[in-house]
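Chain lettering (A, B, C, D and E) follows the sequence in which the chains are written, and residue indices restart at 1 in each chain.
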Amino acid sequence: MTTTTPTPAPAATAKISVQEVSKTFPLRGEDFVALDRVSLDIADNEFVTVVGPSGCGKSTLMNVLAGLEEPTSGRALVDGKDVAGPGPDRGVIFQQYALFPWLTVRKNVEFGLKVAGLPAAERRERAEHFIRLVGLDQFADALPKMLSGGMKQRCAIARAYAVDPSILLMDEPFGALDALTRVTLQEQLLETWSREKRTVMFITHDVDEAVFLANRVVVMAARPGRIYDVVDVGLPYPRTEEVRLSPEFARLRNRVWHSVYHQTPALNAQEG
Amino acid sequence: MTTTTPTPAPAATAKISVQEVSKTFPLRGEDFVALDRVSLDIADNEFVTVVGPSGCGKSTLMNVLAGLEEPTSGRALVDGKDVAGPGPDRGVIFQQYALFPWLTVRKNVEFGLKVAGLPAAERRERAEHFIRLVGLDQFADALPKMLSGGMKQRCAIARAYAVDPSILLMDEPFGALDALTRVTLQEQLLETWSREKRTVMFITHDVDEAVFLANRVVVMAARPGRIYDVVDVGLPYPRTEEVRLSPEFARLRNRVWHSVYHQTPALNAQEG
Amino acid sequence: MTASTPRLARNGPPPGAPAAAAAGPRSGRDTGAAGQPGPGRPTRRRPPARTLLLVLNACSIVAGVAIWWILSLNGFQFPTPPEVVEKAVQLGRDGLLRQDVLASLGRVLTGFLLGSAAAIPVGFLMGWYTVARGLFEPWIQFFRTIPPLALLPLVLVLMGIGELPKVFVIFLAAFLACVISTYQGVVSVDRTLINAARVLGAKDGTIFVRVVVPASTPFILVGMRVGLGSAWATLVAAELLAAQVGLGYRMQQAQLYYDLATIFVGIILIGVLGLVMDRLLLLAESRLTGWQERR
Amino acid sequence: MTASTPRLARNGPPPGAPAAAAAGPRSGRDTGAAGQPGPGRPTRRRPPARTLLLVLNACSIVAGVAIWWILSLNGFQFPTPPEVVEKAVQLGRDGLLRQDVLASLGRVLTGFLLGSAAAIPVGFLMGWYTVARGLFEPWIQFFRTIPPLALLPLVLVLMGIGELPKVFVIFLAAFLACVISTYQGVVSVDRTLINAARVLGAKDGTIFVRVVVPASTPFILVGMRVGLGSAWATLVAAELLAAQVGLGYRMQQAQLYYDLATIFVGIILIGVLGLVMDRLLLLAESRLTGWQERR
Amino acid sequence: STDSGAASGDDGPVAVDFGYIPDFNGTSLLAIAEDQGLWEKHGVEVTTSSFTNGPLQIQALGTGDLDFGYIGPGAFWLPASGQAKIVAMNTLGQADRVVGQPGNEAMEDLRGKTVAVPEGTSGDMILTLALRDAGMTRDDIEVVPMEPAAIVAALSSGQVDGAGLWYPALATVKEQVPDLVEIAENSDFEDEIAFPTAFVAGNDVVANEQEKVDRVIAALREAITYRAANMDETIELTAEFNDLDPADVAADAANVQVLTLEELDALTEDGSVDTWLTGMVDYFVDAGQLSDPVEPGEFYTADQFLSAGQGAR
């Protein structure tokens, strides 16, 4: 699947195709390799989770797909076309939330809908729905500075969901949430995903979460940032509490855990 | 333990004493009650973890103790004295990191040492040590904007550790870290704590983490924010992998989980 | 400046957070109990700080007037405050004052509003597009260093002696002061917010209106405050160009006769009008930047 | 302004992030391949954008000079560019120019540096302490609206006719422009950073030097840029006070003799010197604010 | 309304833009003409614009924004250098002085001392003349160029030893420094030079709009007659025209030598005016403001002034 010649998208059916993407940042005069020839295809309607140690390049990879960072070399394709910048087809939830501090929760959620030109009534209704979904109804008119960390994160989730993108790029979206809220939102996400056919790339540092949600878990390694392992999760959907307690889940969980924490350093195992 | 008359610190030995603290914020013209008559004593050298649903007032409580928010009513005492503002005796790790963006990792970590007037050589050495501790040695000269989310968090941890405060107030300090880094830092924290006699208040949304680290787990409830339950953890230190797998751990874990997720709403159960 | 003085009251947006927030108004009312809140004591909000501010403003103004009075009694040939007041009353009775104030206010307001309004999009274009920046910047910098007096001949040649050149000189002063600030605001906007808008589908125009402008409001308001000052300070130069009425004109005329009282009336009126407009801007600011973390 | 035009090059700190970051320099060199990076194609860094900027600056200046030339040939009584150059050469040969430039540069630099240096602590005091704000603000606002010309007699009485009053007038202009901006910068500092410093044990003084100043650098630099413009623009007024030498003095004298060529030499020199100093400030800025997320 | 004006054609009133300086010299004739209906009488519709100096008016004449303007003696070199034409003489200034702080009785006493002067004004002129009279040059004193307002402050506070300035500014100084010494005044130089004020017109106006110039001069001539005869009313009218205190205007007028129309005509006819102008041209050439001497006839339209007078009668 990894080709070195830049021919147009070899996997024609891939919704997202990352081809030999490298990304370096200047650091103390040298080039720091944040991504080293990463290749990965994500099929339409696939749910891929990405795990890996802190600083291994997960966010960088997501930014490349979002069109916010340009790869130093290699190509990133969405729907067979080179990523030429961000667009509302790819919803993004940022690790640092990036709420507009001067807008209330409601207006933050409505932002994308306003850009898309939805009429006010419809906008309001949609926003209302997603605000309720993340449990912020009481704070719909609060400014971000009045929200707790977890509430900010939920607001960012509602904002991304509201524009109804076909691809969701989520960077540790449930990281600041307590376990119960997290489980609720996990279930909602899976439910929406399976009903509305979305393609999801979901970064997390919670191995359980990664296995529980995904069709495939991508394990990344650091220094240089690269794909170390890809674990296919054969578990059936819907993923119930039962699935979570199944031995197969435990096996996969251990497999991923192993991949993450017993990486032979700098092994060049591109299995994407 | 909860007294309604504001007599001076009833529990004279308590390192930290929160007495009937309420905190309201103005929200859409009304008063939003973020903390409702919270009372809590933390003994010297105690390790208390705080769990609770998103937005239940954990960060607000911590800010009151740090001297960054003034309670609307009630008192917060540290060492028997009213909290009159922040000070280097109480190290704080903020939920949103709050790194100085214009300083390198090293300079961020050295900040508190510089304020304390340490000579340059000693400063550098101490900073070096804590940067290594959190695994940022390669990034000592990088600016915060060049760090990943987890790296920023680790930098904030190193900065707080470096000033060697007798009280540590930590707001979801390991929230953005992958499981392995998290476990390492948990062990380090416990090790330092038991060796150097610190008092720790540690907010987390990970129930396992809360039980694994604490002498006592404080469970908070939302709307209004209040203490719902306090669970004494009788497990021995050092907390090993063995402890984590013990049935007692599982029992406590379930107990806390239950307290958090099966709260009878608005039940006024101040057991703090 | 090096140590926190507990006696010093703090401003509304207090950097020292709660203890300080409380310290401000309280020590202002001399309870001096900063950071030692008694139990159950309710926090009082803004008004005291605002009152304190007004009281201090008043003190400061009284002190200033006193210094002036003392100077004028000590051999300096200033008119004394009563003389100036008398002159103001006299001019007011003649209806001149009203006429002058209206004429000058009209010019300053027009020039200032047009200047600020132009500065915001130009600042944006300069911040975002190298082409715009490359083309505009040398001239903006260039004209900023030229005293308005030196521009008068040029303006006269190009625009004659009607209202246009007067408003233009003021416009230019306000625009040049504001555009630098807006430009800096535009380039200082946090990139993550722009990225957030982009991934929600926003294009440059929308980002400008909905992200860049709100995010750089503090800068734009600095620009407007500075521009407002420049606009008033340029008034006298503008009214050198064949004005028949206006505060600047009245002051020049008075200068021909060494009528210092009238000059003082003019200076004080200009100062007061400038101050009032500045307060209005500040009011707008506190409305517009209430979302900032600092409050 | 409403749609992203791919042909428009972007500035260094590109809001459109990578695609745009690449678009800037590239479309500037007319490859027009914005956002369509070929595989393996290495990104090129800043220099092209900087070169483009210089080219555009040059174009803009050439165009400005051309307009001037055309105007001067079309009946406006300006001297033509060659006449001005000739005059400059002549003045340069006499040694007058060097003398004037040195005198004026000395005054402007001294006044500007002192003004900016004073504005930063005063802005901080005003931002943090209600007392300071209440006392200073009315006067700062008041003096900002007064044209420097009107201040001359007062300054003369208080400071005589030496270098001091000249430098003081310039100092005042720079100070008043800079202090507003610094004040705004101080009150806009993110509270979480101040909290972070406090919990690390920092007191007001330390917080000012180590947190407030760096965090408000963008504002302080706006203030300094605006103050620099004001300083130069006030030069002519300052040199009305018994100057024997200096660009402003030279221009006034030329005005008496209707020697437009010399006036133009003065204007252009002031503009160019201002521009050079502004570039130096910008250079300082890019050093000092490199930590911002925007880059 | 134009039937009594001999100069008026049948083509209705002509529009005229007139610049002035709001002091007695600059305004009195305009105030009279307006009050007495002289403009209508001569078929001109005047729009007046106030300026604070001559050079800006001269420039506005050049751009066509003004047709006529008023200048003081310090700006006479501008018409002399071809920027405009003088169309009528107005008054003779007697307000200029060289003053010294108490103890400085003569120019010699100012040697090596600081003397403030507003460059390019009549104050500058009288200082230069006084220096020349005393056999000194500018290098013998320390000349400090300053704004008039600054000079008042400098003199009052003793920052300078002397100055070339004028009344009523000096009156303000005298309040602080009663013993201020007047070292030289206009009348000291009567024989060599005068300090006239004048009305000017744009070169194009003089060349192409004879009719307009004629009507305006005619009106000014009548106003000159009125002014000489009714000084008190003139002061009142001037004060009213400029919204000024009549007392201020009276103080201003006290230092002005007002000429009757007959005197003006006679001085023009017998060449006295040409002598003044030649003296001024020489002065300006000396001072470097003019590169070459010019004949007064080149920039003063004496004939037209006189003929407009004839036509009006």
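Criterion: a contact is a pair of C-beta atoms (placed from the backbone, for glycine too) under 8 Å apart; a residue touches a chain by one contact, two chains touch by 3 or more.
Everything numeric here is computed off the predicted structure, so don't read it as measured data.
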Shared chain contacts [chain B and chain C, defined touch]: A, D
By count of C-beta pairs in contact, the leading pair of chains: C-D
Centroid comparison with chain A (C-alpha atoms), farthest chain: E
Whole-Å gap separating chain A and chain C, where each centre is the average of the chain's CA atoms: 47
Length of the line joining the C-alpha centres of chain A and chain E, rounded to whole Å: 83
Chain D and chain E, separation of their C-alpha mean positions in angstrom: 42
Set of chain D residues in contact with two or more other chains: 16-17, 77, 149, 157, 192, 195, 198, 206, 289, 292-293
Overlap residues in chain A, where contacts from two or more other chains coincide: 67-68, 85-86, 96
Contacts with 2+ other chains: residues of chain E: 59, 149, 152-153, 156-157
List of chain C residues in touch with chain E within their complex: 75-77, 94, 96, 152-153, 156-157, 160-161, 240-244, 249, 252-253, 255-260
Chain C - residues contacting chain D, complex: 1-5, 8-11, 13-17, 24, 28, 49, 52-57, 59-61, 64, 76, 121, 124-125, 127-139, 141-150, 157, 176-177, 180-181, 184, 187-192, 194-195, 198, 203-208, 212, 218-219, 221-223, 225-226, 228-230, 232-237, 248, 251, 263, 267, 270-275, 278, 289, 292-294
Chain D residues touching chain B - in the complex, by the definition given at the top: 192-193, 195-202, 206, 210-211, 214-215, 217, 289-293, 295
Of chain A, residues touching chain B in the complex: 25, 27-28, 51-55, 58-59, 95-96, 139, 141-142, 146-151, 154, 171-172, 175-182, 205-207, 257, 260-261
Chain E - residues contacting chain D, complex: 55, 59, 62, 78, 81, 83, 114, 116, 119-120, 144-147, 149-150, 152-154, 156-157, 159-160, 288-289
